[in-house]
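Both complexes below contain chain A, partnered by chain B and then by chain C.
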Partner chain A sequence: MIDRIPSGFHPFVLPFMIGMVFVLLYCAYGIVKIMIQLTAEDRKKFLISLVTPKTLLKNIKDIFCDCLLHVKLWKRNKMLGFMHSSIAFGWFMLIVLGHIEVILFIPERLHTFYYPIFFNYFVAENDATVAGSLLFFLMDFFLLLVLTGIALAIVKRIRSRIFGMRRTTRHSLINHIGMYALWAIFPLRLLAEGFTAHISGGSFLTIPLNWVFRQFLGNDLNMLPTWWAYSIALGVFMVVLPFSRFMHIPAEMMLIPMRNAGLKIRGARKGFARVQVYSCPNCGVCIDACPMSVSKANIKDCTVYLTRQIRRGNEKRIAEISDKCLLCGKCEALCQVGVEGPQLRVMQRSLRKYALEPDYSNIAVEPLVEAASGSKVLYFSGCMSQLTPEIGRSVESVLRKAGVDFTWMDRDGGLCCGRPMATAGRLDAARAIVEKNEKIILGSGADTLLVSCPICYKMFRESYDLPGVRVVHYSQYFSGLVKLGQLKLEKSDICYVYHDPCELGRGCGIYEEPRRLIGLSAAIAEADKTREESVCCGGSLGSLSLSFEQRRKITQGALDNLYTSHADAIATACPLCKATFARYSDRPVRDLAEIIDAQSTGYKQTER
Partner chain B sequence: MKENIVIIGGGIAGMEAAKQLLCLGYNPIIVEQNDHLGGHVSQWHQLFPDMTPAQDLVRRLGEEISEANIFLETTVSYVNKLKDGYNVMLNNGVNIVCRALLIASGFKLFDATKKEEYGYGVYDRVITNSDLEAWFNGKQDPRIPDKPARVGFVHCVGSRDLKAGNSQCSKVCCVTAIKQAIEVKEKFPDAEIYCFYMDLRLFGKKYEDFYINAQRDFGVHFIRGRVSEVGEAIDGRLQVKAEDTLAGKPLKVTLDMLVLMSGMVCNPQATEIARMIHLDMDDDGFLRSRDNVYSIIESNRPGVFYAGACTGTKTVPETVAEARAAALGIDAYLKSL
Partner chain C sequence: MMDFGFSLSKSSTLNLDTADLSLYKKLCELSPDARTCMACGSCSATCTAGPFSGMSVRKVILDLQRGRDVKAMVQGCMLCGKCIMVCPRGINTRNLILNLCKIYDR
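Moving on, here comes the complex of A and B:
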């Protein structure tokens, strides 16, 4: 391999160089800005994690697996996985191999940015480059891989259903420009390398192409224009990148280490929230995932449009999208990048100013502490369970049967867990309630807090500081009682389909215990979409603005999903899901506690 | 030979229409799913505002339609449109061809278990308005205590309640609650009676007087505010939480018995028939009249007429008036053919 052009420069590299320098400067500016926006504590945490070998290794592994190979996406959808990894990994390899070529053959040109990218233009093959044939083969191979990915991407744009996506994002103009530039880059590269293959060498792709071109062109006049075009496509893509969805490529490389460092979203628009917003690839997986998309009117309220509107700063739409969401968390569970859509929305809600802030200071804690004292097990049924009294009664009855000594903390009225305030973004008000409850629970002397409402359970787990107190959902607790032999379950011949409540499943990761308990007390069937893909019942406290009519459609969609199991009855483990389904369901809806109560006998009773 | 007219539903609407059609010289055929005529009214004790015994009305109507063909414990299996009429297939194998069809299928009481927060079917001392009427009629009910000290009535259970899927007002519950409150007070003179309402819609003749009587002569307490939740004390009594919106204060009372004023929803049988012969349904789940001012008894299909609560919530006098109108409507329609 020898340098073909003595100066080692040609003006066609300029568009690429301009784009490249622009992107690097923009990213550097972005990183500095975000680092400044982090709280001092978070910044320290993040920087320490970057030099800790364990997190560092994890960062590298995650970036390699998620950003290049798209392992998570492969697991979910092989076609999409192949498409993304072929483009990302193929492109990455082309860049790496380009550098290797430069290092091997013309190391003195390594300091130029553009040589590895436009290598084939600047070099001529000589007889000594045997080692090059493998490299040339690999270059063509990865180019082919990328081209396959691009071809799939084009097909996906036209017919997304082939890829299992019912709906995809409607892209903005700038996204379209970026996308067409990206699509153009690699075919242009193939053409450019094809035109120069008789000089610079090539492999199975470029050499035959070169032969074909030379058969009917017979001159090299097309060579330079295609290299120009290739460089311009790269330049356009990179100039557009910071303003398009393709910003997710650099942003995700920042998101992964920040997440691994344990950072949480603290502000509405700044710091980690900003990184999350830019990391959204606009793929639109959240559109099909969103339970609101059963009615077409709500499609534009999915997370992909939230991140877009936050980037645009469209306050009216940000507020609308943030308020409407049910906070069911399905978009987050299915998001390949891990954009925390629900938390982002809660933070947007927290920007709202209220004329009146609630004042809880007049609520005396002492009488409540006294009422809660007396047993090691403290049962908290929550406000929603007051509206579905059968649940509290069943939990009480099961505990009695199992001979558990317990105190019902809010039997005669108690404080709210604080979650409705928290989801409304009124974080200070929620904090005030949390602190009151913490005092009551810690003051009661109990070592176990038993909760029957997943909404409260998630709140207790995530936002409470209760040292020495084990917070359990009754499905876990009852499983324990069954294991210890304190509770015996007898099978009935009813077949239930279990609906995973959002807060219990996706929210707290409890999928198995409820199923095990139902399995022991009845037959169990599975719905089409289940576990982390379970569909919100539509009753969620999360939404601040959905109308009853809109909620009804969501509930009907969720019920239709459950009906696919052909079960006799619906079982769930959340008072809100139960009340919501019971309104429209054509078959009985029962809470897990009711089923267990009906099918169980206590240890003492079996002894008799 | 007299012309057949099928009447689906043997409540007071169907009975009254049958009576008028007999007078007009037709042969009405009543299809009733229960083993008796009279529908909901036959289960009621007394009717507001004059405390007329409901049985009298049903008996009188029954006597007047003794010549009509009546199929009890029978339902419609299938209806299909013929060129100039309808073919009605009953589940007892009888097939009737008629040129005019009257739907008088009435309403169904809202299932109070759907409002679990009120504790119907959960607690021992919660009953509905219809349970109370049955008890007035002499049916034993273990849920009703021997000497209740405090009794509550909850208005609008499943009415004007978007969460329950019903936005419509059931019209009769306000005045029924007042009537039942007075009746309960008469049975248990020492009991305190509470009515939890959001509005009192006392639009009919003498309703307002009735309301004033209940307060002045019977000392019934009217509390403006919806009941939020009902709990059970250890002794089985009920703890009711509500908001007194006039006083602007939350309220908690312990009651011995709670009566839920279940509202009206459309009879599912009507929905089924509507599907068979493509009758329009309204958003509230009732059948849609051709228009709600002038043609309430007419449907969107020729020869199909409506009477009573199948098109919306109705009082007894309204139902009876509509039944007569429907009979005349059918007569005019058949003569115009």
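Moving on, here comes the complex of A and C:
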């Protein structure tokens, strides 16, 4: 292998070089800007995580699996996974092998950026070696892999259902330019290497192509134009990259270490939030996931469009999109990159200024502390349970049967847990409510806080500072009672389908305990979409602006999903889900506590 | 004045010609469903904040329609959203309160 061009340069590399330098400068600028925007504490945490061997290894593993191999996509849909990993991994290997070629054959040219990319133009094959032909074979193999991926990508644009996607994103103009440039790069590379293969050598793809070309094109006049075209396609893609969805490629490499460092979204647009916004690949998985997309009017309110509008700075649409969302978290659960759509929306809401701020200073805590004192177990039913009083009554009855000594904190009404206020973005007001409740709970002297409302449970777990108090959802607590033998469950012949409440399932990761308890007291069936894919009931307090009628459609959609199980009744573990479903359901809706209460006997009673 | 041991309550006569209804009108632009309220009081009956601060969506809407001040009540709201669940008219009461907080100008 010898250097064919003595100067080692040709003007056709310029478009690529301009694009490459532009992208690198842009990313460097972005990294510096984001690092400045992080709070000092977060920055320190992030930098320390980068030099900690454990997180460093995890970062490398995650970037390799998520960005190159797309393991999560493979699990979702094999075609989708193959398409993405063939393009990403194939392209990565082409770059790596290109560098290896330069290192092996003309190491003196390694300092140029463009040699590994345009290797075949600059070299002439003078002798065939095993290493050389193996490398050429691998280059052609990975080029073929990428080309297969590109072909699948084109098919996906036309028939997305093959890839398990009902709806895909409507892309903006700049995204289309980037996409067509990306599609053009690899066929052009194949052509360029094909025209050059009789000089530079090639393998199973390029040499036959070269032979075919030479049958009717007797000269090398086509060589340069195709190399130019290849370089221009690369250049266009690189220049468009920072302004298109393809920015997710560099942004994700920043997102993964930041997430592994344990960073949380703190601002609406800056720092980690910015990284999240840029990491959205606009794939549109969230569109099918969103419970709101049952009505066509709401399709443009999914997370993919939120990130797009934040990048554009369209304040009106940002407000609309963030206010409408139910914050059910399904888009986040299904997102392949892990964009935290709900949290991003809450932060957008928190930017809003209100002329009138809440004031709870006249609420006296002392009488509430007194009412809550007396037992080690403090039961908080949550304000929403006042609409479904049977939940509180059932929990009370079960606890009595099991012989648990407890105090019902808000039997005669209590304060809100503060989560509805927090989801509305009024974080300071929510903090004020949280502090009142903290005083009551800590003042009561209890060591266990038993909660029956998942909305409150998530809030207590995440936003409260309760040293020495175990916060537990009743499904966990009752499971414990059953294990200890304090509670005996008897099977009935009713078949329930269990609806995972958003806040309990995706919010707190509790999927098993409710199912186990229902399984012990009745037959259980599964709906079509279940667990982390469960569909929000439509009653969620997350949404600020959804109308009654729009909510009805969402509830109907969620019920249709539950009906697929053909169960006799619906079971859930959230007062809000129960109240919402009960309004439209054609079959009974029971809370988990009611089911347990009906089927349980206490330890003492069984003894008698 | 002679002390009879009781007093007359202040007149609640309302003169709609002089009452300042600008806030109500502004609110109706943002939350048109405020007009559909029939003052049934379901929202007040379920209100979490009510027992502590006298908050009542029904009263807030009625007072706004009469040009009275609602500041203290609205400040007590915890946005728990139970009022939406029980409203027979399907009013998005939670958004109504948020809009009111946004445009409040007294």
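Just so it is clear, the second predicted complex is superposed on the first by the 605 of 608 C-alpha atoms of A that agree within 3 Å, B and C clash if a C-alpha of one lies under 4 Å from a C-alpha of the other, contacts with A are read in each partner's own complex, and residues count from 1 in each chain.
Following the convention adopted for this analysis, a contact is a pair of C-beta atoms (placed from the backbone, for glycine too) under 8 Å apart; a residue touches a chain by one contact, two chains touch by 3 or more.
A quick note: this is a predicted structure, and the numbers were derived from the prediction, not measured.
After superposition onto chain A, partners chain B and chain C are found to clash with each other. Touch criterion not met for A:A569: it reaches neither chain B nor chain C. In the superposed model, A:I174 makes contact with neither chain B nor chain C. Applying the stated contact rule after C-alpha superposition, one finds that A:P389 touches chain B and leaves chain C untouched. In the superposition on chain A, contact of A:I265 is made with neither chain B nor chain C.
In the superposition on chain A, contact of A:L68 is made with neither chain B nor chain C. Of the two partner chains, neither chain B nor chain C is touched by A:I199.
Legend: residue contacts after superposition of the two complexes on their common chain; A:A579 is shown touching both chain B and chain C.
Counting the residues of chain A touched by each of chain B and chain C gives the higher count for C. In the superposed model, A:P420 lies in contact with chain C only, and not with chain B. In the superposition on chain A, A:A355 makes contact with chain C only, not with chain B. Comparing which residues of chain A touch chain B with which touch chain C, the overlap comprises 386-387, 413, 548, 579.
Within the complex formed with chain C, the chain A residues making contact are 352-360, 362-363, 383-384, 386-387, 413-416, 418, 420-421, 424, 426, 433, 539, 541, 544-549, 576, 579-580. Residues 33, 46, 48-49, 51-53, 71, 74-82, 85-86, 90-92, 94-95, 98, 100-105 of chain C touch chain A in their complex.
Interface of chain B with chain A (complex): residues 114, 116-117, 119, 122-123, 162-165, 229-232, 239, 241. Chain A meets chain B in the complex at residues 386-390, 393, 411-413, 548, 552, 578-579, 582-584.
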